[in-house]
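Order of writing sets the labels: A, B, C, D and E. Residues in every chain begin at 1.
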Amino acid sequence: AGDKVVKIGVLNDQSGLYADLAGPGSVIAAQMAIEDSGLTKKGWKIDVISGDHQNKPDVGVNIARQWIDVDKVDVIADVPTSSVALAVNNLVKEKNSILLDSGAGTSDLTNSQCSPNTIHWTYDTYMLAHGTGSALTKSGGNTWFFLTADYAFGAALERDTTNAVVAAGGKVVGGVKHPLNTSDFSSFLLQAQASKAKVIGLANAGGDTVNAIKQASEFGIVSGGQKLAGLLMFISDIHSLGLQTAKGLNLTATFYWDHNDGTRAFSKRFQERMKTKAMPTMVQAGVYSSLIHYFKTLDKLGENPHDGAKVIAAMKEIPTDDPLFGKGKIEPNGRTIHDAYLFEVKSPSESKGPWDYYKLVTTIPADEAFTPLDKSTCPLLKK
Amino acid sequence: MADDFILETQGLTKEFAGFVAVRDVNLRVRRGSIHALIGPNGAGKTTCFNLLTKFLQPSAGQILYKGKDITAMAPADVARLGLVRSFQISAVFPHLTALENVRVALQRQHGTSFDFWRSKTVLNRFNDRAHELLNDVGLSEFADTPAVEMPYGRKRALEIATTLALDPEMMLLDEPMAGMGHEDIDKIAALIKRISAKYTILMVEHNLNVVANLSDIITVLTRGKVLAEGNYADLTKDERVKEAYLGAGHG
Amino acid sequence: MVDTNVADPKASAAKSQAGAILEVRNLEAWYGESHILHGINFDVRPGEVVTLLGRNGAGKTSTLKSIMGMIGKRTGSIRYENNELIRMSSDKIARLGVAFCPEERGIFSSLDVRENLMLPPTIRSGGLSLDQIFDLFPNLKERLSSQGTKLSGGEQQMLAIGRILRTGARFLMLDEPTEGLAPVIIQQIGHTISRLKSEGFTILLVEQNFRFASTVADRFYIVEHGKIIDGFANSELQANMDKLHTYLGV
Amino acid sequence: MIAFVLMTVLLAIVPFTGIYPFFVMQGLCFALLACAFNLLVGYGGLLSFGHAMFLGTAGYFTAHALKVWGLSPELGIIFGTAGAAALAVITGLVAIRRLGIYFAMITLALSQLVYFIYLQTPFTHGEDGIQGIPQGKLFGIFDLSQPTTLYYVILAGFLLGFLLIYRTINSPFGEVLKAIRENEPRAISLGYKTDQYKFLAYVLSGTLAGLAGSLKVFVAQNASLTDVHWSMSGEIVLMTLVGGLGTVFGPVVGAFVIIAMQQYLAGFGQWVTVIQGAVFVICVLTFRRGIIGELAHFFRRSL
Amino acid sequence: MSINLQALSAQLLVGLINGSFYALLSLGLAVIFGMLNIINFAHGALYMMGAFCAYFLLNGLGLNYWFALIIAPVAVGIFGMILERTMLKWLTGLDHLYGLLLTFGLALIIQGVFQNYFGSSGLPYAIPDQLRGGMNLGFMFLPIYRGWVVIFSLVVCLLTWYLIERTRLGAYLRAATENPTLVRAFGINVPRMITLTYGLGVGLAALAGVLSAPINQVRPLMGTDLIIVVFAVVVIGGMGSIMGSIITGFTLGIVEGLTKYFYPEASNTVVFVLMVLVLLVKPAGLTGRAT
């Protein structure tokens, strides 16, 4: 029962910690994707709705279930926050719908929890860990101390990074687990300082990372010769820190607005539409790019079959290619692979204007950036 | 231990942070009597009541009730032994009706109070007795009035009715007439007289008419100590009592 | 203070005849929805002790509270020294020199006895000094640093009376001041009231203790069901004993 | 009584109206939770700020029993509810003697400790929660993966809990509870060991909150830290207040209002919290007795 | 061994610094609770407003940290007074619950509006030049700014304590909490006094916000998680007790510091352990008067 009607649901954090890196920006990105796909001109009817999952799995699942059951949503996009993403992943599989995840970091989505109905687009913990972990270790930062948020995501980030560091010949000299949403890091920073490690890895996210960095500068950690590595950082975080505090920080991302003409063109259009006049984050870019690929697939299929697994299978057959992430492909486990980049944050004097924050250190080629297929524990691969 | 004393204290003492409110009081209350405890303000009467009903823990001394040492008991247990008090500042359940106020007390003795699976209609069997008690204190017309809405004097009467509902052996009444109009005073005095046939009563009261008319024996307390004990006629002649309590105009 | 209210004709008539310090006319008051006072009318002349008598729940306390502005909804007219109080807030009324000692005593538990005593601000000079108050109520002196509500019932009553005597207010409203006090203290209070009166204070008293009231009051009003139903001077007391008996059961 | 029949009939016909059943099911679970909470605060005068711990505990226990041990739904529910009851007994022993705001805070503290335990123990899977819980067949006959069957099972569970609460409120025990709330020293002087009554009320309330948590597992098919977090306890308070504290039907209405707000305002994105906040402010300033409380006041009857 | 000792003393010092934030915030909360009987759930939001105020002053008007330290508490305090006059006022005499619900609603609104206009991840605010840098204490590196925070908040705490517990104003306030109608009948303009008190409590929150702006991120939700801890502090100290909150605030900072060293995962939870223990032994908090 195919037709040319498509409904997209952007499900993310609209009001909490991740509202800036995903939030309303992702909805704008989705709308831009619809416009740029050109499908409406070909007689397709495409709608976007959005919802706030408040970073709570049960709220997320409820909204998603109602979208699928009542609103007949075909694709659920974005879904940052690993716990919500995993819950929605389950639901989507049960309902044979589609999840195009951009915001979540957990590499479980394409490993033990992988599903024929899910594509994980932008980044994951493995890629962040390898990007930052091995690159920094190789450039001399061979002793590490971790500040890890005490939850599954933090632990995964720490574990993956440790592996990368060790593989690159480095050593982890210590670490401390801090509770989620800690406002004061001074105790932990003192411990990190005392460890004399060359790199302090921040295996946390959002406000925790930002506070840790801010206070690290207060305690003179960077000026004392230690390096800070934000394992999961978005440009929105850098923006809120200010370059004065963030300069010199290393981080890995798969998208930066000022990377090439394509990204710049997209980002300028995006920025105009944003109330806060912010540049797109990699998550928002990922929402755009994943939907562009989805529309491309629908166009090829000629109709919307309303069959999640079928569409996903078709999506995996086509190589990905768009101005934002460049060329790549979708692996059988649902992982999209594309190039990743290690950046360093500019100092205020290097920056030429607002949002000019990063300078490229190295490019990590697509096939090295993500979990190699033979290491993936995805059951789909065993068939 | 003489059986006709229902309540006895030996060397009862209460100290508050350096201030001795009750000092070495030996009180003996005869079964079936109306015993009045009087004394100037701050003499320690209410504190004594609090000690007897275990709302306060004595600093020293012993309390014997029906020959049993209750010095270490919990307040609710003391009440269960039939030693029940009223408060100086009126104590009712404000948003329950008069009838319900009394019923709460009646219910306690009937062991169903923990039954959360039964309908409260089982409590209706207490209604007759509750009406009877309300009638005794002249509150029949208020049966369905929430206690908050009742005038002050009526609340006192209600409190007495509630106390009676427990079918106590001994009642401690702290200024039962305070704030009451004349009519009510007469009514309650008559009531106390009537119930004293069945119960022992220990009361604190500043209204001398009431004390004179009701009490069989009076203990005068000053500064935490027993000053004198005797009947009204004798005490009004006692110069020390006159000076400490009654004032110049008496005698 | 200019009074712009158009005075009710009856009230202004009463005013011209009496030279009263307080005139209450057609006072009605409500607690929420329940209508408590149904038109109270009476006067108090300067230097007088006037007592309101009545059964429990007649509305005596409510009358005092209305004068003090402590009841939300009230209508009619209350004039005190040419000020209309009916729409005034109670802090302003207090500043005119009116003081109220509540029936339930209103001792503050978070304040010690001294703080309780010192709490009401001095409105005028001429109030009692601390020493005079301690002479009157020796118990208080001993317990100055004790928590207010740890005092015995009677001591709290003393504290409540003592604290408004300090303020220098010239118009005192005492709601059942003798409740819970020992006879010896009641006599003391009687003397104090007489003394205050001789010094020109005006006192409006609410009493259940008729015997006490009859020793201090110049005039009596009888309150019933939220109305003043009768009034007479102390000199007419004997002649009115029968009536009193039916009103109050004395 | 009429109100109860009306409510039951309305709820019973939901599957035929086209209203989204999952929404109503979730509403029912929260309604039961709020009713259980109301039993404690509205009738016992004890404001618990940690009721989420019962919801979450029962949820985790049931989820674990179903998913890992493969127990049948009815055993899962019993296991979860029993877990909540046990927790209520333990925390009750600690909390029950505190008064007023201190009771509220100690329950909050206890629930935070419980939260911490669930955060650290492996069986809860941290913030990922227990996902994809099988619904199974109740008594081996009713297939709970059928939305309509599930709906009626949840409805039955709700009504059972609701009636028990209603009965408790109007029982001899309930009368004593009200008396204690009104004037505890007086109740003691009448010979009541008030702590025991409060304790029983607390355990009953916790157990029923647990029942709500167990039922919710079948609806949401997951159990997560959200349900143990203090903000959930706060939400319970809000539901009850919005509906009407100390009214029988208030918490039910309140729960549906709050759930509906979360669900249907989701599309407003960032303005959701502002709208929610405004609703609370308006609620407190204009109809303080809560929705049902105001109605009851208007019609002068107790609802 | 000696290294451990050094690390430990560093943790203690750092704990003390955090404690001063707790003390300052809980002080405001205690003032408001003690005097108005309102559990001010909006405290976290007002704290956040204080920090934002500092940001606006700097980036909008070019007024630096030192101006913010004075202007922000006053501005937010006035905002608080408006809230009190227009809304909280109507709740006098009602159960705590209503105040809690109302202020909770206000917190949601305030935070929501800020989030809408400034996003959720926050804005930068730098340490003032005069307080930049640090001292090497031998066992640790102490940023000057942190030292300043401890001393400044200690002074503010003690001043507030003096104002409330040792002056006549304080007696009025405490009495008005118990029986506002009667205090008013003594000739004191209670509503105005209450408004000013709320302003004071809120001002203290805003002051804490300004102090924290250079250390923490200036973001709309910065107060949400803090508020519950601060509540706990107030409760442990004994609701409404000024000294209780100050002492508990500093103590908690230290206890937390130690936990961060020995069992870091529990450092956000230790306050609740403390609360349970204290309430078990002293049912009305450390200095609370039994009711």
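Here is the rule we use: a contact is a pair of C-beta atoms (placed from the backbone, for glycine too) under 8 Å apart; a residue touches a chain by one contact, two chains touch by 3 or more.
Predicted model only: the values in this text are computed from it and were never measured.
Looking at chain A and chain E, the chains in contact with each of them are D. The chains in contact with chain C as well as with chain E do not exist; no chain meets both. One inter-chain figure worth recording: chain B and chain D are separated by 43 Å, centre to centre, where each centre is the mean of the chain's CA atoms. Our note on geometry: chain D versus chain E, Cα centroid distance of 32 Å, whole angstroms. One simple way to say how far apart two chains are is to compare their mean CA positions; for chain A and chain D this gives 36 Å.
Averaged C-alpha coordinates give centres for chain A and chain C that are 75 Å from one another.
In chain E, the positions touching at least two other chains are 112, 115-116, 265-266, 269. Pairwise, the chains that touch each other are A-D, A-E, B-C, B-D, C-E, D-E.
Within the complex formed with chain D, the residues of chain A that make contact are 14-15, 19, 23-24, 27, 49-52, 56-59, 61-63, 65-66, 69-70, 82-83, 86-87, 90-91, 94, 106, 150-153, 180. Across the complex, chain D meets chain E through its residues 47, 94, 97-102, 105-106, 108-110, 112-113, 115-116, 120, 230, 234, 237-238, 241, 245, 270-274, 276-281, 283-285, 288. Put simply, chain B touches chain D in their complex at residues 53, 55, 74-77, 79-80, 84-85, 87, 91-96, 100, 103-105, 107-108, 112-120, 122-123, 162, 166.
The residues of chain C lying in touch with chain B in their complex are 54-57, 103-104, 139, 143, 146, 150-155, 157-158, 176, 179-188, 208, 210, 248-250. Taken in their complex, chain A has these residues touching chain E: 15-21, 23, 150, 176-184, 186-188, 190-191, 193-194, 206-207, 210-211, 214-215, 218-220, 224, 236-237, 239-242, 244-245, 275-276, 278.
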